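You will see subunit A twice below: alongside subunit B first, and alongside subunit C after that.
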Partner chain A sequence: MSSEQATMAPLSVAKPTEHRSSLLDRFLMQGGIVITFLIVAVVATALVEPRFLNRLNLTNVMRNFALLLIPSLAQMLVMTAGGFDLSVGAVVAISSVVTAAVMLVGSGYFPGMEIAIILLSLVAAIGVGVLVGLTNAGLVASLSLSPFMVTLAMMSVLMGIALYFTQGIPIYGVADSFITGVGRGQFLGLPIVLHVALVVLVVCIVMQRFTALGRHIYAVGSDLRSARLSGVATGRTITIAYVLAGILAALTGFLMTSRLGSGQSTIGGTLALETIAAAVIGGVSLRGGVGRAEHVALAALFLAVIANAMNLVQVDSKYQTLVLGAVLIVALAIDRLLLRKRQA
Partner chain B sequence: MLEVTGFTKRFRGIAALDNVDFSLNEGEVHALLGENGAGKSTLINLIAGTFPWAEGVYRINGRTITSLTPQVAQEIGIAAVFQEFSLVPDLTVLENIFLGREQSGSFFLKRRQMRQAGTELLDGLGFHLPLDEKVAFLSRAQKQMVEIAKALRMRPKVLILDEPTASLTDGEADKLFHAVALLKARGVGIIYVSHRMSEIRNLSDRVTVLRGGKRIGTVVTSEISDEGLIEMMVGRPVEQLFPSIEHRPGAARLEVQNLTTQDHSVIGASFVARAGEVVGLAGLVGCGRSELCRAVFGLETIEAGTITVGDKTIARPSPASMLANKVCYFPADRGSEGLAMARSARENATMSSLDLPALSAGPVLKFWREREVIKAPLADLALRPMAPERKVSAFSGGNQQKLMLARGLMRPFDVYLFDEPTVGIDVGAKVDVYNLIKSLVEAGASVVVSTSELPELINLASRVYVMHEGKVVAELGQAELTEAQILSHYFGGRA
Partner chain C sequence: MSTPSGTKAQSVGPLSGAAIKDMLLAARLPIAIVVTLVLFGLVEPRVLSLGNFRNIAIQASYLAIFAMAQTMVILTRGFDLSLGYTVSLVSVAASMAMVAMGGGDASILYGIGIGILIAAVIGLANGLLIAGIGINPLVTTLGMANMVMALASTISGGFPVTGLPRGLTAEFAQGSLLSIPIPIWFAGLVYALLFLTLKATKFGRSLYIIGANPRAAVAAGIRTLPVLVLAYTLCAVLAALGALLLTARTGSGEPNLGGNLTLEAIAAAVVGGVRLSGGEGGVGAALLGALFITVLSNGMNLVQIDGYLQQICLGVIIIVSLIVNRDVARR
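And then the complex of A and B:
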């Protein structure tokens, strides 16, 4: 960039805010904070509690990471499009219930056809996710309601449905091969859920960088009016973002069911906060238009590591939410201070 | 090529455009002239498909069009560059140019192809822009260039330019004029909205004048005088654009010494503004004169230098402390720095005066007095329409500017800093602003005007400081105030 500015004709334009981006600045802008956080967390945990590095424990961390990453990417999609999705956790819960219920009912009708039933339950769960995404998007895009309020209300509605349907009791009777094959399954020595999460991550990265859709999501989130005037189909773009988020949340519910071995209406209660935390720590702007999947992945890994560390040293779960909140505040403060420094 | 007849548009029952005819030929530059609120914006917005028209026939290349959206308009070859940009701040220059028109294969973007097309587009216009810079970091002039390039990406047959030079320096404007000539030669029809007579005279083939939503007339530019055009525009003969101001320089009211801002947009600048005179700050856009005003008002971080108001030295200026010391600042960017767009005209007018005894008793606002107190200043400024309860965003640009100025009239100040006071406002409103400056100065106030309009400097100021790359490079007295003299310092040394 500096070379291009140097070749500018003398008259062309008064120079814009000058960028004297040092190496450090650039590092910090390119997800450097998250990387630093992550390394510090990993090293500190490994020093304090060597059990952290156990293969079994690391596998556990990877699973938790995967199950946080997918809904965090969902959150990122909606946030970069200028919205919020507080209903992520509720979609996870209801799709878990739907997954288990379909399996339970399905195995009664088609005994022995486990794989078909598992696929059927996946389709059903994703169908729920699409439906919720369409509803959220419809209210946000067509009626221009506040995404915050729409998805908050949606969260309440979905939680209510899931709780009413199950009476709060887990739905057992999911296929054994589902638990052993997906939830506990490994491939190339790594959990299946991690593979799924990484595929989702790569798809997100490619979508953001190399497709018109990705660019339109940024544009819509950055400046809706300008995007519309530029010929971007804004309503459609917002809808796709919410629907993709719904699908990813539903996928999370499906995978969590395989891990827990039952459909539970009570999971996902803190996911709205956790996914927003991962997104924000990963550099996603609360005002939309900015944020990258790979940075969100690093942030999700960071959160998974500190959660694991706290479990290892047996921190009371009540304090864990306290720590999560504190980390979020620290991340926001650092982000703002850097922004101020950059603008100065 | 393009022809609209009987165009009518009403907003809440009020006709913004009333039975207007307009036509545009291939390779023609057709200027639109009119005061703010005359219906120019409405007309170009209808042509560009931003909102639907109520009555009228729209024909392009013989085809009658019944309804239009911005997307469809672009597809049939109508592109518009509005004053309010349609650029997305978080995307780069290149990404913005192709936004909504990305070239892509079945799934992936053709990034290399777009980069080449973008480079060719900008080179063809003679614009030099960093392709990978985020638009948020560009200057207003650069954004303007991106916006123009973006409008041309579809090779339009009709191009609408809404005051394209409002934020450009003369050099940049020349490039734009060159581009206009180029497009004209290619057969593109151009609808050109401007308040600058010289541009209309140099560029346009025909002029259509609007007033109060009606078409007053369409004339061939070469067959009418400037005075004739202004008369059509305001509906009465205009004696004089600039009032003659009696300067009686008195004691120094504001003295700035060796001021340097933290970002080095201003370096070691000194100037003095006395009571009873208008001091001009001249220079190219980006030379630091805006930043100098902002720094004095406490909006830029100061690294070194002193600011003295009256006999008090202000160590750390802040807007609150400067207002308390009777210094008032009117920003160039009405939208983002001046006005709360979603609030009423009344609230905006009194926003910085709520501590006056007339308006408050301790913490309690005398809200019943507010309506009375603002009557006089708003009447002085001839706010149109006189509707204090209306949201600011519903007023035209010139009237928004008047609301900004109304704030400064709520109480007497010693020093008034104006940054680009007449950008994007019409001749009628300009005269109102000039008369306001005259009355302030003649009442003994000190006025500092930072402007890129040379005629304003020459006709209003008693002294002018010229800035270049953050430094004050010359001080000119009234006798030396000619265009040539001022311009000779624009690029630092003597030309």
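And then the complex of A and C:
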């Protein structure tokens, strides 16, 4: 166990006092709080509302979980690299618009070639994500501007573009096979979007644990100067983190379009908040350098479960925002207080 | 930026090229404001009319109050992302209180009291969570923003609150004193008070020290908890003041009043030169930043630029000013 922990802990958070860590410490470090939250939420929901366990409802939870997990992993990548991405929701919106627009135009030129058109729209959406990621990274890494301000401004720009070209009206004309195959499709009894999200999750876990890029992201996030001094290509690492985040956000927009059946410039409004919530509840530090994909996944599942629970017991959607805000603050307060107790 | 780095050493005479350049850079925001006015004036002469200047001054005073409020916490390396929705909640709650008290002019004070009280509670909660428990300001106020937004739209049912006292709009929006409109008086008053607070009080200096170096602040014997709690409470209460003035202007309590205000207030402060890394800038910078953004949006409105394009411009302006301010700070 102890050797496993040693390989798990990124070089940046290895603390000298680790050998004295109690059982509680170890539990907390390995996402214990998130797991507790998740179990409590699942059990409480199942007891209060047995419909929660219906196959249909669980499939629904899994779909929502998947569509929250992918952008949350994007947020995690940027945050562990010491950054921040408020433009996640805007990238989702604009890539949804691009996906639908490319399909609409493409089906006019190449009628009957639906799969090719779907792939083309995916490439276009991802292209937008890469472009946004490069711009964010260029401003943050090369010009060393505040990631918060840069991505806030980027959000304003992207939402403006998406709304200007659509005037807020959904773009219809999405390929039917896209909706039935990807949006509603299932494989091995589970939604396609869940499979996609799980593949992304596994890739993130492998990258964080076993690749140089993963180690570099942690190093850059925990201490930029020491990372540079120890030979890490900091600019390139930060750029890759933002570009990967852009790609994942664009993928989310692509998948959401298949769920909604149209390209919508208004989706993604609360995603910046939700992904930050999933990331920080999952233990990602806002100061960078700390955070694990599997814990973020648990946090995203937790948020998806409580959102579903509130729908089942018919809580007004306005109160759902209130609960999300409260959960975010309470989770962090518990985390802080436990940390303080451990240090005392 | 393209000039060689030796320019600083050459700036001996009072009128050397480098000295002029420094002066121009120091006055970059007033210059930008004038240039923007002239450019829009070339396209649409109404921009340069006296009536429009009056409009700009009134519009800018609301944004300036919010930007100055935001500055008080940005100076400490903090943030208040709940500012916009606090404005919404105060607008709705104060309006409902006034209507409940009969909607006569006597109920105005009651509404003001309720509004300020609610804001004080929000600010106090923000401050205690941030300074007392030690949660990151960004996440705290983001979570708070959601709770406050939900409250604002719930208690109002999502609809505007109408039936406000006539005196509210007549006095606080259309009224004027010494032929200067009331909102401008309030912005000026807030500026004067905050300017003095920052320059001449222990609290004001503590804000700068905490922002510049939190550890040094503790080492210097500053009790950060009460200072930060006061800063966040002050920020929220000033937001409430702006909310009440805006409510007087619209003549109804609006649950959507503050939607974009958080972004605009932060943008105004940052464009003005308040540093997000804390400890640098002041309320004067926020005031100028607010004026610049108002001049820009006023001009874009008058030459009829699409609202969504305006949103794009705002984003681009923020990034450009970040780059310019950073280069000036480096010199």
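Worth a mention:
Operating definition for what follows: the second predicted complex is superposed on the first by the 324 of 344 C-alpha atoms of A that agree within 3 Å, B and C clash if a C-alpha of one lies under 4 Å from a C-alpha of the other, contacts with A are read in each partner's own complex, and residues count from 1 in each chain.
What we mean here is this: contacts are C-beta pairs under 8 Å (C-beta built on N, C-alpha and C of every residue); 3 or more make two chains touch, one makes a residue touch a chain.
Nothing here was measured: the structure is a model prediction, and the numbers come from that model.
In the superposed model, A:215 makes contact with subunit B only, not with subunit C. Looking at the shared chain after the overlay, A:314 reaches neither subunit B nor subunit C. In the superposition on chain A, A:226 makes contact with subunit B only, not with subunit C. After overlaying the two complexes on the shared chain, residue contacts for A:280 are found with subunit C alone; subunit B is out of touch. By the touch criterion stated above, A:143 is placed in contact with subunit C alone, subunit B being left untouched.
Subunit C contributes residues 79, 129, 133-136, 138-140, 142-147, 149-151, 153-154, 158, 263, 266-267, 270, 276-277, 306, 308-312, 314-316, 318-319, 322-323, 326 to its touches with subunit A in the complex. By the touch rule above, subunit A contacts subunit B in their complex via residues 1, 4-5, 7-9, 11-19, 210-212, 215-216, 218-219, 221-223, 225-232, 285, 289-290, 344. In the complex of the two chains, the subunit B residues touching subunit A come out as 50, 70-71, 74, 82, 85-91, 95-96, 99-102, 104, 107-109, 111, 127-133, 137-139, 141-142, 145, 150, 169, 171-172, 175, 262-263, 284-287, 301. Every residue of subunit A that touches subunit C in the complex is listed here, in rising order: 84, 139, 143-146, 148-150, 152-157, 159-161, 163-164, 167, 273, 276-277, 280, 286, 316, 318-322, 324-326, 328-329, 332-333, 336-337, 340.
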